[in-house]
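Shared between the two complexes below is chain A, which pairs with chain B and chain C, respectively.
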Partner chain A sequence: MAQIETFYGVMRRQGITRRSLLKYSSLTAAALGLGPTFAPKIAHAMETKPRTPVVWLHGLECTCCSESFIRSAHPLVKDVVLSMISLDYDDTLMAAAGHQAEAALEHTLEKYKGEYILAVEGNPPLNEDGMFCIVGGKPFLDQLKRAAKDAKAVIAWGSCASWGCVQAARPNPTQAVPIHKVITDKPIIKVPGCPPIAEVMTGVITYMLTFGKIPELDRQGRPKMFYGQRIHDKCYRRPHFDAGQFVEHWDDENARKGYCLYKVGCKGPTTYNACSTVRWNEGTSFPIQAGHGCIGCSEDGFWDKGSFYDRLTNIKQFGIEQNADEIGTAVAGGVGAAIAAHAAVSVIKRVTSTSNKEHGEQES
Partner chain B sequence: MSALSQLLQQYYSEADERMSDLPFYNALLSVEMAAWHCLDADLEAGVLITPWCLNLLWRPADPDSLPEKGSECVLTLASGEYSGVVAEAEGLGRFASASLLSDTSSLASQEQARLLAHEIADLLFLPSLSAASEEVPENPARRAMFRRMMGAGQ
Partner chain C sequence: MALEKQLELGDSEEKVRKQVAVYVYEAPVRLWHWVTVLCILTLSITGYFIGSPLPSVPGEASDNFLMGYIRFAHFSAGYILAVAFIGRIYWALVGNHHSRELFIVPVWSGKWWAELWHEVRWYLFMVKTPKKYIGHNPLGQLAMFSFFVIGNTFMILTGFALYSEGLGSGSWADQLFGWIIPLFGQSQDVHTWHHLGMWYIIIFVMTHVYVAVREDIMSRQSLISTMVGGWRMFKDDKPD
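== the complex of A and B ==
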């Protein structure tokens, strides 16, 4: 492997003190849903491990993922994480342009062959041999395949790279596809959302860079630590749902009382994301708190699932992954104390406070 | 069953009709406070079964000690810390609720739901109940005397 600096070396060079590093480690531990005892482990890893280069490619997309990423809530997070990322190539954030930029990409891919993480924002169109998205005079499809070939791992930023998103919605004239349709021989960490939450993006990338491994994923390839629960499960309006109190029409009396938005189209019951816990804009709010239902932007094919304002009539329609709720099946499969006891443990993990989680424990 | 648990069960029973035509509703289940404990003088908690969810509910003796409706709150027990959301109902005031199950469709009977609820309640509450019983000193006056001698409580 090429000789590269440690994270800490890079941070020191940028004027980040050890005190700030420790603060960052605590913030990251919290963002990752790990217990506070995990912070020293993060700090130690960052002080001693070599920096892993990240190459960030852009296909068919709107750059909302980049916009989200560079607006991480805490300035320190943004500074530290950006210092971790090799800006040798990111056509939105890098200083270079034109041939110089393309040369930088090739140089990075060669120098860190097999060691870099490939982060992909957007997706490739397959129609007309990829001609609907050209980067540096060549189809993005070719650039993606080239960069993926020697990548250690691949991150799919946002719903475009993860599922296809709006450009893959029917009738999909460019035949845009999620990146897993093109990259089939590498682990892909999907971080869906339109865009994903900034702290989720920095949390995922920090975990990978710090610990040198991918976080635990669900069956759809999403990090369980952020996508392990439905928005509905931790929604601040949930008590109104449980009590059968719903907004029936926009701006009715129930809307003013802050009742549940399910009947006006909220997709929170079928959407796996961290919006109701991490929230947006420094944890200030999220769509439901602003009075609009969740549109399910982190779920596969959400553009083709009907109006944002139609209520869900089939709660399986978004292809809910059975994870925590599998316990119900376990109980139904055989009524026995042992099975119920096992199921009960799974259920309790869902409500266990983050600050109380064991060392390194993640959502299950 | 305490008066509070009965009031809570009544509150959710009243929601049953409003929920019955929604896809979340499992007609094989009914509203039932499957477990309820007075954990100490300051706290009551239990596990509620409804046809649309399984919830952990709790309320301190002073409901106003909970933050305002919609806020996150944490229940601290001997078995761990559990996060939920503050609810508020007319006639009940504030209480806290945490979703244990959002999808009850795989529960095939009330008996199965009850079995699960009891297992959850045992895991959550038994350590607190055991600790409370162990904390009763054989001779409180003697313990208080030693505490004074050691300067505790000053």
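== the complex of A and C ==
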């Protein structure tokens, strides 16, 4: 491993100053929720530790994760972190192509056996033996299994790799599955989102480099530091929610006033992500700030949870699309009608048996 | 069921009158019943308005806290419901044998099944004379368990799982109930199931109230006054 240069070495080669490194370190320390004392630790790790080889595979996906990643707020990421990890293998961004690219992958897997981090963007389709996604003439499923075998850790980039996303939405004709259905023997760090926030992606890699371990994960395998809270919990429109002030219709006065988007289907209360704190594109904005509700893109199966513009989910299992209230009202109405009918029959029976009683001393 | 009602042939009329009133629901059970009634009422109304909020209030956000109060009422009533239910389970252990009827359905008993069938026929107007019961009749007991005990437990579990999301990861609610969220898929699914659970409980309440009123009129024992005063009265001295 001695021959691998450090992050800082690559950085200097790319013409990045030490000042830039320190700025990046402070930014990342803040993003990770660490104290200011951790900024020098991160800088130190970047300067001294050999960079971690990362193999970045692409299955069924739209490349939005990569697009997000290269728009990370700090130029350092684009110029250094990305170029370093793409040095090894990333078929979308690497210079090599064809057999050369596949040879590069093989080389990396052999050379850094048990040392590299496998980052997966997209997911494998299982139907027809994986024929719906072919990489280098072979099913992506095979490449994924091969690369996962000797990986130190696995990162699932985006909702595709983490949950399945749009290609796994009903009826899922290709049987696309999240990578944890295929890779069962390795720790998987899920970084969901469609796409995930660039700072979250670089933050996860930087954390692993600095501390030499995977970040603390929640029950579903997401880093707690970025996915520990809902959008709703840190939303700047939350006071309007608590006050009971909502956008009732698009473009109404309340929308102009920036009220809560709960009634027009915002999924912030059920979505775990860092959008309302880290925001997007150098902290410029995020969906709710732009006046549109959160669509819950970092949640499991968000395509199948009904309209993005309804608060209550449609329940498709009932044949026709109805939400819980519509189903409940219908069933309660049915029960109410049954009760009324039963009561009516009871009264009739009572009346007839009473008249019987008068005739022949019968008890009811 | 009605073991206490065995009378000797030569018993005086006064003894009969004494024998036909039985103390069934002890004070804690009655208290729990009416506390739960208030909780379910509060929870259903506030819960409905959490899912479909009231029209927006005017003024500054800092001057209003409507949604906050609605959620506060919902969470408080949820806490009371859950604590009362735990208390009720405790009372099933230490109370009289009627206090256990809610939780232990004697599906192993042939007599119970026969009486269940009799009750079904009574409700389908196929038998003219109902049987006497000191506690629940078998059909009532089965309905209480499958609608109320199961429904209430489900609502408490999913309710505290959703509550844990507000308290945050690592909180006591998250440690105890947080595992429920991934069990259903994600938070949105738990919301939907919790919402359906409300309608399950509402259907139970509708049926429960109807049957209680109907039985109070048409059966051979008191129903509604029993849950107030605890004593079961019988309307006749005929054998069961």
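Just so we're on the same page, the second predicted complex is superposed on the first by the 303 of 364 C-alpha atoms of A that agree within 3 Å, B and C clash if a C-alpha of one lies under 4 Å from a C-alpha of the other, contacts with A are read in each partner's own complex, and residues count from 1 in each chain.
Please note the rule applied: a residue touches a chain if its C-beta (ideal position, glycine included) is under 8 Å from a C-beta of that chain, and two chains touch if they have at least 3 such contacts.
This one's a predicted model, so the numbers in the text were calculated from it and none came from an experiment.
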| item | value |
| --- | --- |
| Chain B versus chain C as contact partner of A:A341, first or second or both or neither | first |
| Partner chain(s) touched by A:D233 [first = chain B, second = chain C, both, neither] | both |
| Chain B versus chain C as contact partner of A:D242, first or second or both or neither | both |
| Partner chain in contact with A:R350 - chain B first, chain C second, else both or neither | both |
| Chain B versus chain C as contact partner of A:C266, first or second or both or neither | neither |
| Partner chain(s) touched by A:L118 [first = chain B, second = chain C, both, neither] | neither |
| Partner chain(s) touched by A:T313 [first = chain B, second = chain C, both, neither] | both |
| Set of chain A residues, in rising order, touched by both chain B and chain C | 230, 233, 239, 242-246, 262, 269, 312-313, 315, 324-325, 327-329, 331-332, 335, 343, 345, 350, 353 |
| Residues on chain C engaged by chain A in the complex (per definition of touch) | 48, 51-57, 60-68, 70, 123, 125, 128-129, 165-166, 168-169, 178-179, 181-182, 185-189, 191-192, 195-196, 198-199, 202-203, 206-207, 210, 214, 217-218, 236, 238 |
| Residue ranges of chain B in contact with chain A within the complex | 11-12, 14-19, 22-24, 50, 52-56, 69-72, 74, 80-89, 97-108, 111-112, 115-116, 118-120, 122-124 |
| Interfacial residue positions of chain A with respect to chain C in the complex | 218-220, 224, 228-230, 233, 239-246, 248, 254, 259, 262-263, 267, 269-272, 296, 299-302, 305, 311-313, 315, 323-325, 327-329, 331-332, 335-336, 339, 342-343, 345-346, 349-350, 353, 362-364 |
| Parts of chain A lying in touch with chain B, wherever the complex brings them together | 230, 232-239, 242-246, 258, 262, 269, 312-315, 320, 324-329, 331-332, 335, 337, 340-341, 343-345, 347-348, 350-356 |
